[in-house]
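Naming follows writing order (A, B, C and D), and every chain is counted from residue 1.
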């Protein structure tokens, strides 16, 4: 009953096979090999992007992407619960040479165009204030929310109307695509995203993160930005192979569909329990739910692993995350504990 | 005849096996898994270090290490040909928030204590100048040189006498250890190194770099530094497994010994050729040699792959690097071309 | 009727005389002159500080001070309305190499110990989050509030209990001292402040800002920090002379007392008007008041100069600031307009 | 006999008068006053510049200027003896967020176009190296050299041919203009300079430094860069008044002419002495000369103040700098000591 994070999952066997297969004789280093060329082409093609750069973590993908959008005296509007604000130890400030995150609120971790307007309304002091230059959203969000392509487009329009560029953190993009049933381009390039952090590590890879650049004018500088960040991996073919394995034949979407289905099953069971309150409609692979203390203790005793987000004594807000590796039996086992604890 | 770089080599099968074996069910992310704990313990134990942190590239290992030694208004004394100066696109300046590299010369890429004194002699303007705070050396060096433990200790003493800390870039440390026949601790902790960038990627891994901290007072800050750099890999067990595979049973030294032996064989052949001038005594896995133009052209035609370092028309300075994967037949094939080209 | 800012005031004649008097023959540059030595000694003595460094703006005093307290991966807890957050265009992030400001609320721009606890309660993710390392307060605050020494001590205790250092922005410290009737040391060194930005420009100088360091362990690095920030003024004697003129014979307190008295008179008049609502008790030289639209228009027509902070249509929040140069007649003239506009 | 630096000179009386005159009632802060508008217009007009920004030190003028030309992963080609390399404690690296200074040699501190070509020849590793983006020269140089407008144009052409922008450090520009007899525009805008640090502090002001932007596309960002650097002085009128006093009626050139004349007289006397070797032709206000030890000791005993640049035991390289305040009697007094010491 492992629901702590999709990061706890192992690597999908087909990804592992691809890594093995890549280990075939010498290859040029630093991404000048044939597999990397193929992976980058596949990434560009999947998203309709001008450029694709493979990196090693989602944090660095986000921070590098923002560094290309925002001057050091700039600002990035994002949700108060965005990963870039809460869980990256200042990486965005580091990579942007000191830009400021400008926080806003919104349901389920989603930022609405009105929230952008709200932040911008406070920028009336000219050069005494930083220059807002970008908006960053996450899809699916850290709180389990999912933007539709229309919603992304609305945010993009809202951002662009203020002269701001739009970044999307796509650490769980596959889950959002499956939930909304749209292709990758519809959610990104066609919806007005300027730059994307795209992660497949949570989806089933070992180490596969990338920055996708939609605005061609931004692409030129990225090679040096990546190198300077210590992210130009020498034996890059082994990262490239992971992208190829997952993107070809849409394995990534298949794995995300499984994760979403497991979450849906789990959410349905939680919702049916009188004492449990779901914090949001569950469409992706993340569930936030309020549990009564007694139920939480039964689940822990039974071996269920998940994070407590807030502890209010008599009730707790907890997070369950499913992955490609979540087995139906794990969900059923948890639901059985639920059923026993009325 | 692949002699371009040890980065072009594939991953050793035993490393690959270890990666496979690590793919066994769920594991806690961000280095809180059991394999990472074992790898870090093994690293600490191998070097006699206070702390060990796994990262993804040698560039980031160097830059992070320096950032812990040097204030933003500080300076790092290094060789003019040091990788941190020539091939890291400003990563040291980035991670140190703007410290300055202070360049010096020395044979075969090695920095001697006198060179440190020479640089320090120029620092007489007090607060108008940056504060030299560290010395960085590479062993084996970028130019094929190798420090003995006694030489490292002399540099360490020279650095410490000026109040400077000593960083070692150990991207090819295994080759230096094999060449000098000393254990890892003798070349690092016991020789006075304060912080070490240790790489196994060139030695036979897929992606295995680490920072080893010998001065315990530096260790505390490193977790956040790594996270902020976007280097806290979520599925770290797959990196950890590589360290374990290589360090246990001294596989890393065995592989380096093979690379050195291949280089020694190649160097002997080159030296025996009347037209070739070795730029230095070859003890590790890197060879710099001056080739007459005609010989260079014959080698290229025959399919030999290596880098040209300097092109002076009638003669060229070229670099050959061997690896765990270099086959004796490759060396022999190259030597045959040599023998035919008098 | 100039109430826009104490920055609009001219330089006090005695300060100007001191500047003239300093223009007497050659003097060593970069603060190695006798006047600078005297000014620094006077500053150290006035505050009981370990070190004093003269700089050219309040923004740089704040940013430099914070850079000595907080690592690049650190955080500074401050009020949402603090000048460092709202009006310094990212200078704190710049000088700290990317630290994050962590915002909290409190009455009249004041931060209470509970607000510190509240922010700290959110830091439970370890290395995934920045490391809170300092608290910054302003006295008198940007919203016209004033901390008593006991309140500062309570904040200092609250900060220190969490291992945080305390910075005070003292751009209007003179006004706070006069309002509370305590000596400079009681409000700073003795109340637990670790580092102080001290400004006399608003009080009556031309250009006189300084950083006062109470924790001797921080003092050593400051010379280079100031130089690197481009703040080591060559002809520093002319800045030093201003500090001497104002601190000797307590001219600074006399001038602040005048400014406070003018504000008190103005505030009393505003309070007596049925349509006006004072936003806070006025103890320093800053007044925030809600004016009905009609009254605001009459004041503007009559030539009163002040800033509108918020415009809600029928009523406006406005700010009046008095200075050493505010003449009683200006206040009376404004009150006359008030009296006519019922 | 004060020849240590032009920074030791007092403020010229007409500048002091202008400062006094500026102290007349209230004025808007942060450069929105009428004197600042006039000073900026005068600066733009004098140099033919798109924008002019007043700052407080030459170091910050240089560092801000470079930060507008060079990306964080960029490089600045400059002379090994340039002030930005030797005497600014890393300010260029700080303000550029980590760019690298790329050092070259040349006579009298001057950088020739060939030196630029030489540095650029080493940049063949693509993204593994920083991106050279600017050239920085000083006129008059730190070593007493002076570029003619034709030489500046040659450097500008050489820089632009490589896609590099040209920065000029003009801390002693007045001395160079007087020495070459050309107007300010001929030496800057018309010679191809893209951005200029212009200082009048050494020429006769109290605190008067500025950045002049010739490329209009760079101008937009400067307001926030200056504010973020803590350089937006509140009572800016007092800095503005100094520029006006010196630029109107060409007082600045008159003062520089005096300084140059004093240096010429001193140099002639030194040259006539059998034991003295001038290190360069003296055209500005800076003299480097080799003195025999005995002569040096006589001068010191007689009270002459100047810096020793290098001490080789039997002879010393020393620097004399003259200023607007150097009196002919001081020069004569020094020459008398010379005459007595054969």
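Everything below uses one rule, namely that contacts are C-beta pairs under 8 Å (C-beta built on N, C-alpha and C of every residue); 3 or more make two chains touch, one makes a residue touch a chain.
Please read all numbers here as calculations on a predicted model, not as lab measurements.
Colleague: Please tell me whether B-D or A-B has the greater number of C-beta pairs in contact.
Modeller: The greater number of contacts lies at A-B.
Colleague: Farthest from subunit D in C-alpha centre terms, which chain would that be?
Modeller: Relative to subunit D, the chain with the farthest C-alpha centre is A.
Colleague: If you average the CA atoms of subunit B and of subunit D, how many Å lie between those two points?
Modeller: It comes to 42 Å between the two C-alpha centres.
Colleague: Using mean CA coordinates as chain centres, what's the gap between subunit A and subunit B in Å?
Modeller: Measuring from centre to centre gives 34 Å for this pair.
Colleague: Any chance you could list the residues of subunit D touching two or more other chains?
Modeller: Each of 30, 72-73, 88-90, 94, 97-98, 127-128, 130, 224, 227-228, 232 in subunit D touches at least two other chains.
Colleague: Okay, in this complex, where on subunit A does subunit C touch?
Modeller: Touch residues, subunit A against subunit C: 72-75, 86-90, 93-94, 96-101, 125, 127-130.
Colleague: Please give the residue numbers of subunit C that touch subunit B in the complex, ascending.
Modeller: Counting only subunit C, the residues touching subunit B are 30, 71-73, 97-98, 126-128, 130-131, 221, 223-228, 232.
Colleague: Spell out the part of subunit D that touches subunit C in their complex, as residue ranges.
Modeller: Contacts found on subunit D: 2, 4-5, 7-11, 16, 19-20, 23-30, 55-64, 88-91, 94-95, 201-202, 206-207, 224, 227-235, 238, 325.
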